[in-house]
Every structure is written in C-alpha cells, then in structure tokens.
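See below for the structure under consideration.
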C-alpha cells in the first residue's frame, strides 16, 4: 500500500509539472499586469518600469517560470503582487473554509442522494421514482448562482432566519453554531447539483445490484427483505459511488467560485476570482497548483478508499 | 400423503412490459423425503421458475396464479412472507447455477455462512462460527478457519460452489433445490461436486431437486426425472425407465442429440429441428407439435393431458398415449424439416 | 499669487479633551475589496478608504471639495513654494508615542527611497526627481526641513497653488510609525510584517484584523487626538452589491461605503423604501467617460458625432431614474473647476449622422467598443450607447473586459473606443494630467502641444482664478475636440441604518469617530 | 526467447505432405501488469510450448479444462494474439511473424467460429452486410455478385434467405451460430478454428450445429481445429484429439486412441468425469481428482498435473515428462503412461 | 466460395428452422426509437428540444422587436406590447429570449460537437493502437482532468477575452478528455469482443474495423455523454455570464439574461427580468437530460 501511494505520488510529478507549465502560459498570456493596474497618472514611466523590474515581470516567460518553480521547491509560494502578503498565507487562510464548505456540501449531498437514490431504485417506475428523478434533474439543471440568490432572498431577506453571507457574525465570536448557520445556505447550493447527479448514480447502481444473483442467495437463506436491501445490496451499490464522489472534487472547486462569491465565503474560489481580477499571478498560480493537487489527491484517496471498501480490489 | 413436497398444477406468471407471460403452466410433481428428482429441459422451459415458485422468490413481477405447493403437507402457496422466510434456508434451501455471482462479493465467506445459521438455528457468536467451520469442513474445504475470513473472489469456482452447498445445508434442510449446480464448472470439478452431493445426500437424507440440462448428470444423480418443455411437464418417470424407454418424442429427441462416449460413432446425430416457441406465442395444441416428427392433426389442435401410463410414468403426448386419432401420424407441414 | 493661506481646526481644539470609552459596533458595507493596508501604497480607492480609517492625513477633503485640517493644525505659505506645516500638538500614535516631524521625515524618506514601492509621487518637492524618488547617493530630501517636533516645512520645485499642494501632499500622504519601522530596510518595507498587521497607526480607529475579502476590523483609538471615538468597534465588510442591499435590510450593514459600496440603481427604490434605513443621494459623483483613442479615431468631427448620437437624457432619466446629470467631460458640475459655460451636446442623431457623412466616415467600418465589467450601470449605459450608435447606422462591436485587461489596453492605446471612470479629486490636475504625452496613462494618446501647454499651465499656476481660466480652456478644448466625453454622472445613493448617527456620503470617513450606534 | 523442452519431435511428427498447419513449441504468454506504471510482474503462461500438426481434411479436437489455453491456441494460430515463442507454419510456410498486410491474403484460408453466438456477431450490422463485408474486402465478389453469394451462404447454413435483412439479435442462439459459420465460410477457407462452437447452445440445438459442421466439412473438404471442453462433441466430430492441461498438450492421438486407450492419467480423469447419460453406469469405478486447476501464471514444477494426479510420484514433481509417441503416433506426456 | 459446391450443398441443407417466432425485422434505429418513445419524459424532452430548435431557426419571424434595440420603457412589466416585459435598458425580453435560445443552443451544441468529435477520435486511436500513444494520451487527459474545470475556464476566458467563439473553444478544450476516456474504455472492451476478433480474422483493414465494428459500439455512451454535455455547456455558460465572462452583450444568452437577477429588487419585484431566462435554462437542461436518460435506456443493449 505504501509503495502504491508512493508510486502514485511519483506519477503526480510530471502531471503537476505539465499543469504548472500550461498554467503559467495561460496566466501570462493575459494582457494586463498588476503594475498597469495601479499606475497612477502621476507615476512616471520609470517608476512603473522599476516596479515591473522589481517584480520580475520583464524577464522572459521561461525565466519567470523557472524562478517561480525554484522558489516553489523551497516551499515558498512567493508574495502576492497586489497585497504583498505571502501567497502561502493568503492561500493557507482560504483552504480550510473551502474544505469545510466542500465537505459539508458533499456530506449533505450524500445524505440526500443515497436514501433518495435507493428509494427511487426500490420503487422503480412508480410515482415516487418519477418524483425523485424529476427533483434530481432539477437539482442538476438549476444554475447555482441563481439558486444562491433565490435562497438568500427567501431565507435571509424575507424570512430573516439565516445570514446572507460571510463565514461568521461580525463582532463577537459567534462560535460553532454561528458558523454552521452561515454555512447552511452555501452548502445547500453546492450540494444541490452534486445531490442531483448522485441520486441518479445511486439509483442506477442500486438497480444494477438489485439484479444480482447474490441477493437471491440472501433471500433464499430467509434473510428479511429489509436486510437484503440495506445490508447485502446497499454496500455493493455504494461502492461505485465512492469513485464518482472523487470526481466531484474539481466540480466542487469550480462551483465554489460562484458560490463563495455569492455568499462571501472566504475560500479558495473567492480568492481565485479576486486574484484574477487583480492579475495576481503568484496567487493564481499557487491556487491552480493547489487545486490540481487537491484533485489528484482526491483521486488517489478515492482509489485507496475504494480498495479499502471493496475486498475485490487491492492496490499495491 | 407422506410426500415431502407436493406441487399441484402450479401456474406461474410474470408481468412484463409486453403483458403477462405464463412461464410455468400446470406443473405437478411430488418428491419423497430423501429422494432425488431431476428436472431437465431446454433453456427457458421453466425449470428455474418452478423452483423459485417453491421458494416463493419470484420477485415483484412474478406470482403463482394457480395450483398449490405443499411442503410436509402444509400448503405454502399462500403463506405470509414472514412464515416463508422461516422456511427458506431452514426447511428448503437452494443453490444456484453460477457460483461466481451467487456469493456477495463484499462479505466474507464466514459472515455469509453464519448469517443463515444465526437466522435459523438460534445460535450466536462462537457456536455459530464453529458450526460454520464444521460445514465448510464437511463440504471438503481444507483450512476452513482461514476460508471463513476470505472474501469470495479469492476462491475458485469449485470452492465457491462448495461454500454455496455449505450455506444451503447449514440448517439441515429437508429439501435442497440445486438449480444447475455444475453447469458453470469444469467436468473434473463437476465430478467433484456431484460426488460431494451424493455423499452429503447419504449422510443427511436430504431430498434433492436437481435442475439441469445435462442428461448425463441426471443419469448420474436422479431417482426420478421430470422432462419439461415450454413451461409444462411432458414426461415423468424413474430414471431407468426414462433412459430405457423414453415415450415422449421430445425426450427421445434429446436422448438422440447427445453424442455418446461409448458405443459407435453416429454418422449424424439425431436432432430436434427448430427452436422452442416463445412463451408469448405458444402454438395451439401440443406445444411440441411444431418440432415433432410424429405430430398429427390432433396434436396441432388439441393439447394432450399428462397421463400416467403405469408405474408413475407420465407422458404428455397423444401418440405415446396411443390415442386412436393420432395412431397414424400425418405429418404437419411445419414439422417436415429434415434433421441434419 | 503668494498670499498667506491658513487653515486651522477649531473643532480639534475643543473636542480633543473629551475622552471616554465608546460603545457599539458599526459595519460599513463595501463592494470592492481593499487589497492592501500599506499606508504609502494604497492601490485602489477601497484600500485608501480602509487605510484612512486608521491613518489620518494632514488634511481631509469634505463634501464640498474643501480641505479641512486634520493631523496638521495649520498649513501656511507665503510664496506658494515653501509650506509650513504645524502638526496637532496632541497628535500621538495609538501606542502613546508622540507624533513628530521625525515621523513625517521618515515617511517622506521612504516614499522617496528608490527601493520602496509606492504609488505616491511627490516629484514636485524640491530634491526629488521626476519619478518622485531621491537621486542616487542622496539620503535627505532637500525640500523637507524640520523646524521643531511639531513643525516642518516643505519646499516645492516651483510655486504651486495650495489646493494643488493639499491634493498632492496634505490630503494624500499618510504616515508610517518611525519608531516601529526604523530598522526595516527600504527594500523590505513592502513585505514587512507591519504591512500585514499595521496595529500602530494614527487615526480614528486602530487596526484589529484584516480577513481578506471578508472584512477589516477596527477598534476605537482611545488616544485619538480629536477625542476617542464613540463607537467601540468598526468593520468594513466586503460583500456583493445584492448582499449589501440585503444586509442593509437585515441590519447586518449600517451604511454603504461611498463610491466603493455602490447600491445598484435597480435597488434604489427598494433601499429608499426600507423602514430601518435612511437614504440620500450624495451630491458628488464621478463622470463616466467614453475615451477615444485619437490615433485611431482621428477626426474630431467623428468623435463629436459619436457624442451627439448618444441619447444621454435617456441614460439619466430612464436608466438612472433621474439620479444623475449630463456633463461633457471629466468634472461634474459640482466641482469648483467645472466650466459651466459649456453646454453639453444635445442628443441629435440626425445631426450626428450628417456630421459623420461630412467627415466621410465609412459606415462599414466596425467600431470596437471596450467596456469594463464590474459596474452594472456602467455596463448597461454602455450598451445603450452602443445601441444609439447602431441606430444611426454605425457598426459597433462591444468587447467586455475585466478592469485590469481594459486598463492594459487603455495604457497601451490598444483600443478604439473605451469606457473608464477616472476619479477626480479637489484639484483638477489629477484628471487632466491623463491627457499629456508625459503621462504614463495617456489613454487617448492625445499629443496636442496646445492642450499640453494648457494643462501644464493649469497645474503650475498659483493663482486660483488663473488656474480656473486655464482649466476652463482645457474643458473647452475637450468640448471641441472630444478626445473623450462623459456618458453620464450618476448620483450615488448613501444609505444608513436608522440606528446609526453620523454623517455618511462622500466625506463619511472623515468623522467616523463621531458616529454613534444605538442598539 | 522463451525456452522450452526440446522434444524428440521427428519421431512424433512425421512431416507428411498433407500437414496443413504445424505448431512448433508455440508459446503465448500474457504479461501480468501491476500498478500504475504497468510494470510486468509475471506472465500468464496460457500456451506454453505446444507442438502439433493438423492434416488437411481432418478435424483435430482440442479438449481440456477451462483456462488451459485452448482458445489462446486458436487465436494465436489466426494471429489474433501474438505468440511469444515457437513457430506457426501454414502449408510449410512460417507465418509466425507475418505483418498485418502480409497476413491479409492468408485470412481467406483460415477462419474462426466463436463460442458465444451473442457477442460474435456485430450487433449493428444486418446479416446481409455481415456476410458481404469480407467478400468485398477481399475482392471475392463484386457488389453485383455479392448478393447471390450471400444467398448461397445462407442456404448452405440453413437460414432462410428472407432473413438477411435482420440484425443478429433477432435470431436465436443456434441461428446466430449458423450465421457465424456462414461468415467463416464466406471467404471459402480451407481451415477453420471452431472455438467451442456449440457449448453455449441447448442440447437439441447443439446436435443441429454439429451436424451442419460435419456436413460442411465433408462437402467442402474443410480442415477443423475443434475446441471443446466437453468430450462428447469432440468425439462426434474429430478424427484426432489433443488433450491439453495448463498450457501444454498432454496427450494426442486418434479418436480411438484417446477413447479406447488413454495413456495420460489426466485423459483418464477427463473421460471418467464425463457424466454418462446412462443411469446403469452410475456405480462404475471412478477416479475423481481433487483440487482445482493451478494458475497458469504460476504452474507447478515438473509434470504440471502432478498436484492433482492420483498416480504422481517423486519424479513427476521434479521432471517434466516429454510428449513421447508410440509407433502409431499416439503420444502422451507422462513418465508413467498407461 | 466456389458456388458449384455450395449449390450442391444448399439443396440438402435448406432447412428452415421451424417456426422461428421472431418479430418482424426492425432496424436498429427503429428499435431504439421504439424503446425511446416508451419513455414519456424523454419524448416530452425531445419535443421541447425540437420546438426550441424551431424557435432558434425561425427567430427573426417570431421576435416581436429587434432584440438589441431599446423599444420600450426600462424594466417595464409584461404588457400587451411586450409580452414578457422589457429589460433594464428597455429591450423586449421575449425577443431577447428568442435570440438567447439561438446563442445558448449554439454554445451547447457547438461545444459538444467539437469536443465529442475530437475526444472520440483521440479515444479511438489511443485505445486501438495502445502502447506509448495510449500512455501519452492518458497522461494528457490526466493533466486536463486535474484542472479544476471552472477555475481554468475562467482564467482562460479572461485571458483570451470572452466571446461566443472563445467560450465554445475553451469549453470544448477542457471537455474532450472525459469523452476520450469514455471512448477508450469502451474500445478497449470492444477490442476483446468476438465480433471484432472476427473482423480481424476476416482480414478487414484497420480503419474499417474501427469505423464499422468498434465505433458503433462506442456510440451509445458517446451519444448519452454528448446530450448531458450540451446541458452542462449551457449551464457553464450561464455561470460564466454571472461572473461577467460569458457571452458578451448586446448578444443575449440565457445566462447573461439570468444574471440580471443579481439584485434583490429584481429578484423580488421584477420576475419578468429573470424568470423567462431561468425557466428557459431549467426546462432546456431538463429536457436534454431527459432525452439523454431516455437515450441511455434505449441504447442499452442489455435491455
């Protein structure tokens, strides 16, 4: 297992390197750089030039890349070009909020999707099934920014029972309960799409499992139908779900951009947008890299989880 | 009425998208304690459905529309599901064709075995486990303690089928239904499994309903044989009578189709032309008449009954029953195919 | 020129003594997030605002675009070249350290140090080069002289009007605590921990926490020299425009930040109907300009025609629901330097078309119209403008860019027609300086010696009336040559929770220390 | 590259003029890849040094347990699988390393009939096109004449011409197998590998197909390699029979040799295990071997059958027995052949 | 085959299998459509899509006003003159909705057409040829798939500048790997299928084998994936529009129409500004999803 993980990590390296190169090219193709953004009419071209020079913006692209990579290897992500804060800190501060929100959304989505998917499969082609299917389609079809705004309008503005955004109440710590309260709406928004997709997946998986011979075996042993579905079938049906949960990570990160923006959730997504708007290359690069690592890591974790859950598959 | 199992004219139907299909149509037979009944017939003729009807495992779409199944004299056709669960696995148990898919891949052999023991024998923990290990040993699995904690994918097909047998016999059922238990296995492994079943049958006195399409297996194992065709029993006899003196043209055809290892090489094998008619579209009259070389006008028009021609040899054929109208066979157009 | 000019702060003298611990928390909503709290390198308006809450400048601009003294008790000049500044006697850093001329000297030294990144350019001060930096080898700024602990003088290279001086120095420069930073090398200043955590400051409130893209948290500066704030805590909360409106309604936000906390036009009605919120329109706003790249749109007639073709009354009446005005260029009518004799072109599509035909414009040519995203009204107005142009038969293609990209295009004159908002200050030089070839940001690419001379004259003239005359001519030039024209000037809405007592609007941050909050 | 025991070949295999196909120490290994880097961690020795020849016009039956490499031999002969060693000669010509294009004309001579009648027909094509395609590809027919050829093929395998516009899934298993046979015949081959062509079919249908194959062989002078794991069909159709165990041929001889006078213990076990459709024989003496077939990835040393052989001796564990033939050409690979 | 021999054979062999009870021969297309038509939701979805296409096709005939021109009051509620009201700068919402249908459908279908074509070719070749080509392709897809989709699209769109063309190109650029993998997977399993082996042993040429014997098998998952791809492209465009990086004005897309709802006042008081576009997105995506679902079931050979 250890060697397996080590080997997988080794494969990450070229992939990540490729990603950073592509990334670097894309980011630097962008017209506009942070100096231009803040040039004051009073600032003379020489100062602007000096500033660019100081930030290394005049080097050839590959030199910039090598420099960046070099500092990266020392664990240094550099300094933000707009706020001069260390990128590592900027990004570091944002990881937890995004991870908590993402996990909350994932858990919420699964809590919704698994039971619904199973019920829908068990009641295949009944009204309940159609209802669940319809709901899941709506879940996948509704743009999340729209859902977010609508939820804010309903729950925060009209009913006033939930905060409109942010991660905690200003002034006063608020504590755990307060955080949960702030997390509800964004988590719902993020979870909706995932849940929609997962319901369909769980349903399909369950339908497949329900056809399997071993359920007939269990029934022929006199096992109660409840346990046939909830013990014998469920575990098999959920196994493939593990793999697709891993696939949600990139989607989750993407969805976070909009959701965090709407709900002022101070996570990776919001930072991405802000950094993009201010052409903060070091931050954008770091964010992309971290996101890529997160995606690759999630894939690896998925594989490990899967092999832990499915006795047929052994990695290593 | 000391028969263990009495199946009386059952008719099993499935609801499908294209309407209702009758998979088993008026099947009756009996099975004495300790006896082995072979059921043979072509694919799709209703062998499995018959056995699943007995287990009442027809799923949501299937139901027994007519007839009665009595186990030890008790009618189980209308039994509540909970009572039926008591019977499954303890009084009647079943093993299936494909050992590769019949075991749940995510539970250990042990837990799948213990599950049924705990369910029916009212024992727990260590006792149950020990009993399970005993069962594994009984079905000829070496290192049973280790196998208990293995997952099914680690086992070969033959081993799995042994495990299935262990599960089936764990609660000492009076009736074991084996639905093509060796079809998926190699001949050498098949021989092992058949051997095992024989041995266990002697030890436990369990009655066996052995479903197969291999006449060799039937000849090897069965006391009595039922031949099914298109959802109906077409012939029933004790195994010697059947092989010596098959009466139904379908049975005769089947016997002729198998190449024998001993004896002379046939230039051509006898064969039954055509294929089984689909359930949704059964021909009128005798269901076999479309493929029968002896079919008469009557066969096309009137369905023959299943008649006992003495000593429990039952046949569903006008010709075999010596019906006067069918005495001189008039070939029916659709049956003139030359066998090749 | 050369007459004496004195400003003193009466209020400061009377109120300085009252010092009692404040109570309550106020939240100001802001839409554009501040990016940095570096007092000498405020990148953007939002950052400037966030910094100004905790760092006073010598003077502050009020809502009539006049300068009120703040850290400076008075600024005097005889010759419009040497300015004597008396600092408030009571001015102390929030850690109790006295605020002295040394701090000023240190700060100016840092701004002038070549290794320091700053967007403050003090090149008009004696001893600094055109980039506002010290020449190689020099360590002291010759234009600065400390008279005593609380008095210093600044000498400029050439005489300037006091407004110019205030605009470029007194109201702009905020100070660094020498006693905290004196050991930091200039090159490390940007990245010094202080810039991330500027707890030592001299302003109404003290820094507590900057949660990026969430909020900036301040606490009352008990030792504030004008008197301790009445609030205990202040937050600048970063949110999206719709959320800000929502939070005004829910009471999570007490007021919107001027200019950087825009309430969208479509929400004006909603906000004004909120029972817990009082709203008003601020008298000042910045014109939104349509810039022409005069190197590509060479014919003034064409540019004028394009201005005339725009249905500006429609923008103001319908889009802004009447909350705005029409002017011709860079300054709103409220600005002291506004040339009121110029009548903005009336909407006249037929005349515009005729003018274009006269100029021989090829109607098949596509005009690329670059607009920045981020301000919805501006985007909508731009779309209306494009539609107006299309209506007279022009081919227009809108290209939307995020602000940095558009800026890059403007700076490098890589565009045809663009939209941009250039903030003005009390001194008109700040906006007109964009239109000389010397400027790094000569968006229009205009290089007309006549205009350049006028603009320079306006900047360097010391007499107010003469300056006004010069700038009037600049504006007349703009009116005739149309290197740019204003699409509209919109009145910004300021909203304030009824539980908040205090002045909001353009100069809201000047007197936050007087704000009160009832529960 | 792969070593194999050099056997006294000449004695066993007189290279007669009528040898159509000849295998010399053929091996086909499948690499076992592990992990993401896909490094080869071993081989499944599916076929491990098989030498035999097939004479023109005969049917060589190939039997053995599941996984012993029967299909792999068939596929390797047709170059559907790359052999890892040994030699395949067709009409005396070494075709082992023929390129795809060089192989193409030979494809008309050698064909295959598959086990699974469901997956062996392209489900997206009509019968007509399934049969036409190879003829057109090899220029055996023109667009004009192909139709008639299709009709003749269908007649030959007993499928009504009127069905030629149907898709495979619209036929029963037996009919599909007939279509598969027709397709194999479409190029007028000399040699056909029949890979368990009847084991997926019902007993009554099996006989139909076997009869058809036999008839076609007689009429067209075909040569068959007939793979099966049951002995019944093999006995009916074959002239000679090879018995395989774990990638090796353990016995080879005429039908009579194998059935009347089996030399290898495994052949005996196989014959014995076959359930005879005669209830009166059920009491007969039987050798039932214990255990499962070992994995071809890790075959036992010495004689591969020794782990299950009731007669195994120490020698069997140590030394691999060569395939030794008697004068009549009946060969067995056993130290203690009967 | 020598026909004379066969002739001799045929008479002896003609044996009509008695009573083959198989329904009338049905083309695959008809079979799929029959199965598809049983799924009511899928049919409804298809009808909706067809109607939508018709709307897109005949847009100029259906639009009461020129979609980019100010033709009424600003933010006017629905009236007899403007059935769906006017937008915030006085353009007719209905007319824009119709134009937007064209644009959104174009984004959806063009994106999918490009990436499906590309991904399919790459997947087919990668799987069929295997070896280092396959390894390389898979590493590249790894790389693309490790990018967080939305993040990268945003960066790229902001770099090259948002336009209908770039959005389509960028969406396609980052979507092909999934299809390539899908195709590769099904080709790898199809390669083992007996009918492909048969094709090889019949000496057919490789391109023909890929085209005739492998591709059709991979088609079903491609079609299904493509339908869902259309839906997700439309959704992604709307997300980009929300961030201001979508289709540029004055061109209307449902996404940029819906992002008008970025205001509490509009959301609560002026539903005509967002409801039509919102419903259009929701219904279209729903319809396409239903179609995709129906197709999946109808194309499933196991059924």
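Per-chain residue numbering starts at 1, and chain names A, B, C, D and E are given in the order in which the chains are listed.
Assume contacts are C-beta pairs under 8 Å (C-beta built on N, C-alpha and C of every residue); 3 or more make two chains touch, one makes a residue touch a chain.
Heads up on the chains, UniProt names are A = Oligopeptide transport system permease protein AppB; B, D = ABC transporter ATP-binding protein; E = Peptide ABC transporter permease.
Just so it is clear, the structure is predicted and the values come from calculations on it, not from any experiment.
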For this session: Determine the shortest chain-contact distance, in steps, between chain C and chain D.
Result: 2
Exercise. Where the contacts of chain A and chain C overlap, which chains show up?
Worked result: E
Exercise. Among the chains, which one keeps its Cα centre farthest from the Cα centre of chain D?
Worked result: C
Exercise. Across the interfaces A-B and A-E, which one involves more C-beta pairs in contact?
Worked result: A-E
Seminar exercise, completed: Cα centroid separation, chain A vs chain E, in Å, comes to 25
Seminar exercise, completed: Taking each chain's mean CA coordinate, chain C and chain E are separated, in whole Å, by 49
Problem set entry | chain B and chain D: spacing of chain centres that average the CA atoms, whole Å | 32
For this session: Can you tell me which residues of chain D touch two or more of the remaining chains?
Result: 158, 172, 174-175, 212, 215
Seminar exercise, completed: Among all residues of chain C, those touching at least two other chains are 240, 242, 246, 249, 374, 402, 405
Seminar exercise, completed: For chain B, residue numbers touching 2 or more other chains are 273, 275, 340
Problem set entry | chain C residues within the chain A interface of the complex | 25, 27, 33, 35-36, 38, 43-44, 114, 117, 119-121, 123, 130-133, 168, 190-191, 195-196, 211-215, 217, 233, 235, 237-240, 242-243, 246-247, 249-250, 252, 374, 402-409, 411, 414, 430, 433-434, 439-441
For this session: Enumerate the contact residues on chain B facing chain D in the complex.
Result: 42-43, 156-159, 186-192, 194-195, 213-222, 239-240, 243, 253-262, 265-266, 268-273, 275, 339-340
Problem set entry | Footprint of chain E on chain C - complex, ascending | 240-242, 245-246, 249, 264, 266-267, 269-270, 314, 318-319, 373-374, 376, 379-380, 383-384, 386-387, 390-391, 398-402, 405
Problem set entry | Touching residues on chain E, where the partner in the complex is chain D | 1-3, 5-10, 12-17, 20, 22-23, 25-28, 193-195, 197-206, 208, 212-213, 216-217, 301
Seminar exercise, completed: Contacts from chain A onto chain C in the complex sit at residues 30-34, 36-48, 50-51, 54, 79, 82-86, 89-90, 93, 149, 152-153, 156-157, 160, 163-167, 170-171, 261-264, 266, 270-271, 274, 276-279
